[in-house]
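Below: a set of structures, written as C-alpha cells.
Both of the next two complexes hold chain A, though its partner changes from chain B to chain C.
Right, the complex of A and B next:
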C-alpha cells in the first residue's frame, strides 16, 4: 500500500497534507506538479485526476482524494490510532468540522493575497487582504477566549485537524503582506503549533512568530 | 510612481517578462522603473513592447531582446549589452526559468541577498547551509573593468544539499558575478570531479523603487531531476529569502557607508555598493534626509 501526494512545495494547501503525513509518521511518494509557472494543474492529464484543477490530491489504496480538508479527515480517520486529530465525540466533532471548513473557506483569502504578491495573480488584493484580516479577527477572538479558559488549541485539549488546517495560511500570511501584529492570540497559538513533535516549516514561514 | 528620470537606470537592459508568459497574439501590461509598458506577443514569433501613456494609449516603442528564458527591454540607450552566459548554450543542460516572483524591496537588496553567503546557515537550513557550519571563508572581489562587472571568486561554503541533484553535504565552490545593477548570477560547483558549474541567474525587474519581480533562469547539469523538480527547489530557496528581503529596512539601499556596518562576509556587498556609487545611480537608492 502506497500513499501518493500530488504536491508543490510552495502550496500552503499541500503543506497541510505534508504536515499531517509527518505528524502521523506516514511514508509517501511525492509527484511533483509544476504549479507555477507551468500551470500543470490546469492541463488535461492533471484534470483527469482532479477536474477542479487544484492541488493537493492524495491517492491512497485506490482512493483519489482532492481538497486538503477532506484529505486530513481521511488520513486522521484511517491512520490516527489515538483518534486525537479527529475527535469523534459530539462535543468536539462538530466544532472541529466547523473550523476545518473555516480553514478551507474564509481563511483562503490569505492564500489569494499570497498568490497575488508572490506569483502576480491578477485579483483584487485589497479585497483579499480585507477578507483575510476579517477571518484572522474571528480566529484571534476565538483563541483569546480559549486562552482565558486556559486552553491552547482551537478545539479541546489536543491539536486537531482544525488547528492543522488553519495553520499554513495564517503562518504564511506575511507572504501576502498581512502581518500578525494585531493578532496576539494567533501569535501564541502559532508558537505552540510549531513546538509539536514532527512539525516542519515550509518556505515563507518566518522563523520567529 | 512616475517613470524614473535616472539615466543610469534607464540605460540598462531590464527583464520584463518570461517566455511562455504571454500567449501568441495576447498582450501583458507591466512596468519597468515606474514606466507602464505593454508587451505584445506577435502572432508568429517575437514581441513588441511599447510605453503606455497617461491616457492609456500605447506610446513610444521600446527595444526588445529575448534570451535566457526572459524578455528584456530598456527605456534608454544601453551602453552594455546583455551578458554572455555560455552555459545556457550547452545542449545537455536543463535550462529552466521560474516564472517571476514578486518581492517588495529595492532591486539592490535582492542582489545583495544573492551575493551573501553568511545567511545560508540561518535561512536555508539543511539545504544551502547547516546551523553548526556558519563560517564564510575569505574570498576575493574584483571589479572587472573590461566588462564593468563585479565578481566574487574563490568562495566556498559547506552545504548539506547544494542542489536538487546532490545527496549529502559538501564544500561547494562558488563564483558570483554582478552583470548590471539589476542582474546577478552565480556559478556553483556541484560535484567534486566535475568542472561544469551550474549557472543560476537573478534578473530583476524593478516595477518601482521598492517593488520588484525576480526572474531566476538556470542552466543546470542534472541527469536525474526534471525541470519542474529543479524549479521547485529554487523557488523554495527563494521564498525563504523573500521573507528576509521584505523585512529589511530601509527598503531602499543606503550607499552611505556609515549607515549600515558591513562585516567581512560582506566584502562583495561593499564592492557592489562602491560600484553603484561610482556609477552615480539614483533609482532605488536611500538618500539621507537633510538635517
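Right, the complex of A and C next:
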C-alpha cells in the first residue's frame, strides 16, 4: 500500500502535506505536477482526480483526497496513533478545527499575494495583502495571549495540525510582500515550529533556527 | 543624520534568546538580535558581505550568522567566520554596523545617532515592569501618540503625556505606552505595566484593553 502525493515543490499547500508526512515518518510517492508555468493542474487528466483543479491531492488506499486541511485530518486520524496532532478531547478538538479552517480560509490571502508576486497571477494585490495582514493580526493577537500563559502553540501544550496548517503561508509571506515586522508573537511561534524534530524546509523557508 | 533619540522597538520578553528579528525605525531596517546568553544587539539589517537582511539570519551561541553564505558576526560587529574559507581569519574591516541599544522598563530601546547623548525616558525604578503587548497603528508617530493619549484619557486614572504616555490606574497600576516611529504610515506602540496588574491575569486583561484601544483608534 503506497501513499501518493500530487505535489508541486513551491506550493505552500503541498508543503503542509509534505510536513505532515515527514512528522509522521510516512513514505510516499511524489508525483510532480507542473503547476507553473505548465498549468498541468487544469488539464483533463488532473481534473479527473480533482475537479477543482487544485493541489495538493493525496491518494491513500483507494481514497482520493483534495484540500490540504482535509488531508491533514485524514493523515492524523489514520496514522497518528497517539492523537497528538489531532487531539480528540472536547477542550482541544473544536479549537484545533477552528484554526485549521482559518488556515484554509482567511490565511489563504497570503497565498494569493505570493501567487501574484511569484507566479504572476492576475489579482487585486492590495486587497490580498490587506486581507492577509488582517488575518496575521488575528493570529498574532491569539499568540500574544498564549505567550502570557507561557504557551507556545496555537492550541494546547504541543503542536497540532492547526499549527502545521497555519505555518507555511505565514512563513512564506515575505514572497508576497508581507513582512513579519509587526507580528512579534508570530515570529516567535514560527521559530519554535522550525525547531520541531522532523521539520524540513522548502524554498523560501530557512532550515536554520 | 538620524536624530539623537531613543525609541522603544520591542518588548524585552518578545525578543527571545538566540533570535534575530526585523524592526523598522524611521524607515531604517534594524536586525534586533539576542545571543544565546541573552545579550541584545541592534544592527543595520544588512550583511556586510552581499547585503542580505541579517534579521533573516540565525544565532549560534554569541554569533549572528547570515542566512545567505553563513558569515558569522560577533557582538562587536566583527566578522569571525566565513564558512567557504574556514582557515581564513576574516579581515578586521568586515564589520556590521551597530547601534546603541538599552533594555529598560521591560522594553528594548535603540538610538540610531552616531554618537548618542540623549538620556532614556525616565519612568522611575526599572524593577517590576512587565510586558503587556505591542500594537501597530496606521499613521505617523505624532498622530499615533495623540490618539493613544486621547484614548487613555477616557480610561479611569490619570494620564501623563510625554515621549512615553503613562496612565496611573485607580488600583495603583502604572501603564506606559512607548512609541516606535516605523515610517510615515505606521507606528509601533509598546505597552508595559507595573504594580498590582503585573500578573498573568492582569496582563491578559490589559492586553485585551489595549486591543480595544487599537480598534477604537482605527474605527475613528
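By definition in this document, the second predicted complex is superposed on the first by the 205 of 209 C-alpha atoms of A that agree within 3 Å, B and C clash if a C-alpha of one lies under 4 Å from a C-alpha of the other, contacts with A are read in each partner's own complex, and residues count from 1 in each chain.
Note that in this section a contact is a pair of C-beta atoms (placed from the backbone, for glycine too) under 8 Å apart; a residue touches a chain by one contact, two chains touch by 3 or more.
Since the structure is predicted, the reported quantities are computational estimates derived from the model, not experimental observations.
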Of the two partner chains, chain B (first) and chain C (second), which one does A:187 touch, if any: first, second, both, or neither? second
First (chain B), second (chain C), both or neither touched by A:147: second
Scan A:163 for contacts with chain B and chain C and give back first, second, both or neither. neither
A:206 in the overlay: touching chain B, chain C, both, or neither? Say first, second, both or neither. both
Quick check for you: in the superposed arrangement, does A:38 touch first (chain B), second (chain C), both or neither? first
Report for A:9: first if it touches chain B alone, second if chain C alone, otherwise both or neither. first
For A:177, is the partner it touches chain B (first), chain C (second), both, or none of the two (neither)? first
If you stack the two complexes on chain A, which partner ends up touching A:119: first (chain B), second (chain C), both, or neither? first
Considering only the contact definition stated at the top, list the common interface residues of chain A for chain B and chain C. 206
Residues of chain C touching chain A in the complex: 10-11, 13-16, 18-19, 21-24, 56, 58, 65, 67, 131, 133-134, 136, 182, 186, 188, 200, 203-204, 207, 211
State the interface residues of chain B toward chain A in the complex, per the touch definition above. 18, 20-21, 97-102, 104, 122, 213, 226-229, 231-233, 235-240, 242-243, 246
Residues of chain A defined as touching chain B within the complex: 8-10, 32-34, 36-38, 40, 117-120, 174-175, 177, 202-207
Touching chain C in the complex, chain A uses residues 141, 144-145, 147-149, 179-182, 184-185, 187-188, 191, 206, 208-209
